[in-house]
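Below: a set of structures, written as structure tokens.
Each of the two complexes below includes chain A, the first together with chain B, the second together with chain C.
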Partner chain A sequence: MTIKKIRVLVAKVGLDGHDRGAKVLARFLRDAGFEVIYTGLHRTPQEVAMAAVDEDVDVVGISLHSGAHLTLVPKVIKYIEEFGGNPSEMLILVGGIIPTDDIPKLKSQGVDEVFIPGTPIDEIIEYIKTNVAKKKQLLKEKVDQ
Partner chain B sequence: MMGIDKKRQEWEEKCLKPWLKIAKEREEKFETLSGIEVKRVYDPLDIQHIDYTKDIGYPGEFPFTRGVYPTMYRGRLWTMRQFSGFGTAEDTNVRWKMLLAEGETGLSTAFDFPTLMGIDSDDPLADGEVGKVGVAVDTLKDFEILFEGIPLDKISTSFTINPPAAIILAMYVIIGDMQGVAREQIRGTIQNDMLKEFHAQNTLVLPPEPSVKIIIDIFEWGIENVPKFNLISISGYHIREAGSTAVQELAFTIADGMAYVEAAIERGIDVDRLAPQLSFFFNSHNDFFEEIAKFRAARRMWAKIMRDEYGAKNPRSWWLKFHTQTAGCSLTAQQPLNNIVRTTVQALAAVLGGTQSLHTNSFDEAWALPSEEAVRVALRTQQILAHESGVANTIDPLAGSYYVEWLTDKMEKLAWKYIEQIRKMGEGSMLRGVLKGIENGFFVKEISNAAARYQKEIEEGKRIIVGVNKFTIEEELKIPILKVDPEVQRRQIERLRRIKAERDNKSVKDALDWLRSAAENDENVMPPILEAVKCYATVGEIMGVLKKVYGTYKKPIII
Partner chain C sequence: MNEVSDLVQGILSGNRRALARAITYVENNYSEGKEIMRQIHKETGKAHIIGLTGFPGVGKSTIVSKLTEEFRSRGKTVGIVAVDPGSPFTGGALLGDRLRMEGFDSSKNLWTDPGVFFRSMSSRGRAGGLAAKTGDVVRLLDAFGFDIIFVETVGAGQSEVDIIEVADTSVVVLMPEIGDDIQISKAGILEIGDIYVVNKADLDGADKTVKWLKAMLLLSEDLVQSLTKFSHADEPKAQNMESLATKSSDWIPPVVKTIAERGDGIKELADAIEDHFEYLKKSSKLEQKREERVKRELLEILMEEIKELVKSKLNYREIIHQIIEGKLDPHTAAEEIVKKLKSVIS
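Let's turn to the complex of A and B:
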């Protein structure tokens, strides 16, 4: 049996064009053995959610440098649900320019983790591996019950 | 030189070699941030191919390696111009007045994303973005508030604006009209550089060709009507922020500049009339000497290009005037006060490189837009350099440094290689070459590869970022963070609706019809845009017409 690769959607949402972080991360995740899908620029929350559901990803990584995270990220999560996905089964990650006070606000709305600038990419890779496995385990237990 | 040659060999044998036997160097190989190998020590032999009178010369004279003005900062200090804007026009007007009161000497406008992208605050795509990274501008009304109490004949303003650059220029000109300032007198800059948007910054609305067409319209109108206004700021800043090396920043910026000049010449514009209204914008990153060399090389290259390639006759046309911003991408979220030190070193490089104006970043910008305290420290950094350090008292003090002159020359040579490669892509034309490089992803790939290489060095610990991958601490963030009032979007939309209800909608429609017909018939779009702005047409309405005529652009995905 082959182990299914972890599928990651790296997304740019909103009008923000700063894609250096998203693209560099996409490369490193790909090199680490993940299946990476990059949305490209200027996607609406609907487009990102649709891609997450269509591509059946394990992880949605949203990059923002626009200050619009408190509006746009909850929208992505809402639309994933509307389009028939289950956001709680996915790992929802946010990166970019995010003031500390906003981190708990994002987490209370369904974001699993927020990575600030300077986070070592190895830390992100480890986080994804550990937590995707955890989510799958939880899901399996739920199904078994 | 014979004597030096001998002396050098002697030093290597008798002094260096025994030393290296007992004390190894820190690295096998030393490199600049751009990967240029740096020798242990430089001496006159390294620069013997450089002719002082021909290649370096005196400030104010060809090839301007030492500066564009004969007296540089002894005459007038650089303009201290902090990029600033947030919330509504009222909020930004207050911040601007604070900065001017604190000693800032020029204004620089940060717009929010909807304005940058040419959509209105009530557009569904603008939700959550209004007033966030800059000031929200929908109509002339916002400009009236923004410039309340700011006399256009006394202060120059720079606008970081690209697809809607023509609209913002029109607004500024009309504010000048309202204040009774002659159009010939208004001073300022619109960024208006779309090519680098395709390479790096991604504020993308129209396809490349019509984007360039509108830029040339602005040139054509601007040289007749606003002769003291910089009609473009040809920008390397964003190319560097996207991850390029210093050499790529230098080469791609100069290449873009050549592309614009060629497009203007194709339109029949006299190069000597246009040249004084061109300006440049560079990044100042961490590698101190490399940045200084880059600025010096840029001036020398542009002078040669304008004189020898494009036949500009007026020495004034050979000047490369530039604005500098310290490197936003070098700021760290960790131990944010360290950013003050980074910014100081970068600002010093810009000054020693002969910049005409400077923005210093604030220490909290890896977290949010700067707080009042942070922006004050940033401005004070410039003031301390200007008034306390003594560096502004003599011109180009690093000229003659064996290393700096060698590196200036080296960077110029490496940049020329790229330019020739681009020219080849365009079969002799820089304009076609740059457009080709956009189409085939050349620029994006070059920059992405450099960005990935840089990140890899950090991840592997080969490149040390203090406080990030070395000298780290457990910390709790204690700096104050600027909060943009969440009511901004609602208030801005309310104002927009009110304007739309109160304005003369018939004249708006007529102006927009005129614009559509001008765009369709390949006429200059500036006159109808001025008319539309005057009637309080919105940024989104005006861009909407252009989008209908020219179509929109979706960037190909290249990781």
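Let's turn to the complex of A and C:
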């Protein structure tokens, strides 16, 4: 029995050209043994949501430096549901320039965790491993540790 | 909605979330995946499966995107499986084919088009250009009802030719300056194409690459005999060679020049792909191809099952130790195992 590989969608959404962080993260998540799908720049919330459903990812990581996180992130979550996916089965993570005041607002709208600049990569990797395992355990699925 | 019966029902009634989850089960070798494959089998065999292969960076993903746009405008639905390499060290992968797909800034947004389904796959360390389960994923897309299924291989080297086992039509993508006529005449990936594409044809040397390809293709057909009349393959005679070739009833792989980024040559390429499918259907080559595929699949599944059987039922560990200690050699051991299996079958 092969065990499941963790699949992560790394997404850039909206009018925001700052992709260095997303690319570096994608690379480190790859080295942590995850299967990482990178969307490229300037995706719409619908595009990211459809990709999350079709690719059946365990984690959706949305990177924003534009200040539009309170508008765009809830839209992504809404569209995942609209396209037949179940956002509560996925870890929804946000990274980038997010004012600390906005973090609870995002979390109250379905975001699992927010990682701001300076977060050690290992912390993100550990968070994903632990929490995907937790979610899958609830769903009684097997997962690669 | 993660039960086998729900997923099968979902796939057959066009629910893409069910398709996506079923692919995950199959890709990860869950027992549920096997059951799904069993139940959808009779719904497969309708799609035209098109493989695209070629060296890294020649533009395979961009061509897939443009072709998808073209076939959508011809009224076809399109499923895509894009394979990228998985790391042999960590098992991780960076799957970067999807990002070449045309988005909202294009005339047709393929990302949110309900007639398009895109799935990225890691090769998970397998050589050959595809993942172990690519064939099964293609069948899931087929059962779902896509008219056309594109399979994009990892950026291939010279011998990643597994694509011909999955695809009805194999498209080999090249670009100018990938090497001289000797490179092009080498065995492997350059002899498997039903259609050849020279992408980035605005770069220097495109015509030279096309010429070498055409020469190579003509020589690889049964035309050598008629060609021996010519002492030199100079230009006018080379044209003669071509007209000879087209008279032959067999498929002569066309060479199509494209500049995928701009969409140049994409219509011609789509036409060539459709022509090839017509040819396959008319010439009974399609049945031949699919029969070969079934044979290979059956054998592959059988091998896996037999391996498992031998490992679990026989004193496998003991045999291994005996070989290590030199009391037994692997050939004799294998022979003895086969003898035992034979006595059960007959």
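Note that in this section the second predicted complex is superposed on the first by the 140 of 145 C-alpha atoms of A that agree within 3 Å, B and C clash if a C-alpha of one lies under 4 Å from a C-alpha of the other, contacts with A are read in each partner's own complex, and residues count from 1 in each chain.
What we mean here is this: contacts are C-beta pairs under 8 Å (C-beta built on N, C-alpha and C of every residue); 3 or more make two chains touch, one makes a residue touch a chain.
The shown structure was predicted, so the numbers you read here are calculated from the model rather than taken from an experiment.
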Touching partner for A:14 - first (chain B), second (chain C), both, neither: first
First, second, both or neither for A:85, with chain B first and chain C second: second
Which superposed partner A:70 touches (first chain B, second chain C, both, neither): first
First (chain B), second (chain C), both or neither touched by A:115: neither
Touching partner for A:99 - first (chain B), second (chain C), both, neither: first
First (chain B), second (chain C), both or neither touched by A:56: second
Touching partner for A:27 - first (chain B), second (chain C), both, neither: both
Intersection of chain A interface sets (partners chain B, chain C): 26-27, 30, 36, 38, 40, 42, 44
Contact set on chain C toward chain A in their complex: 2, 15-17, 20-21, 23-24, 28-31, 86-87, 90-96, 98-100, 103-105, 109, 111-112, 117-120, 122, 124
In the complex with chain A, residue positions of chain B that touch it: 113-114, 116-117, 119, 125-129, 132-133, 197, 201-204, 241-243, 329, 331-334, 366-369, 448, 451-452, 455, 459, 465, 468-469, 477, 481, 484, 554-555, 557, 559
Footprint of chain C on chain A - complex, ascending: 1-5, 7, 26-27, 29-40, 42-44, 46-47, 50-51, 53-56, 83-85, 139, 142
Complex contacts: residues of chain A adjacent to chain B: 14-20, 23-24, 26-28, 30, 36, 38, 40-42, 44, 65-68, 70-72, 97-101, 116-118, 120-122
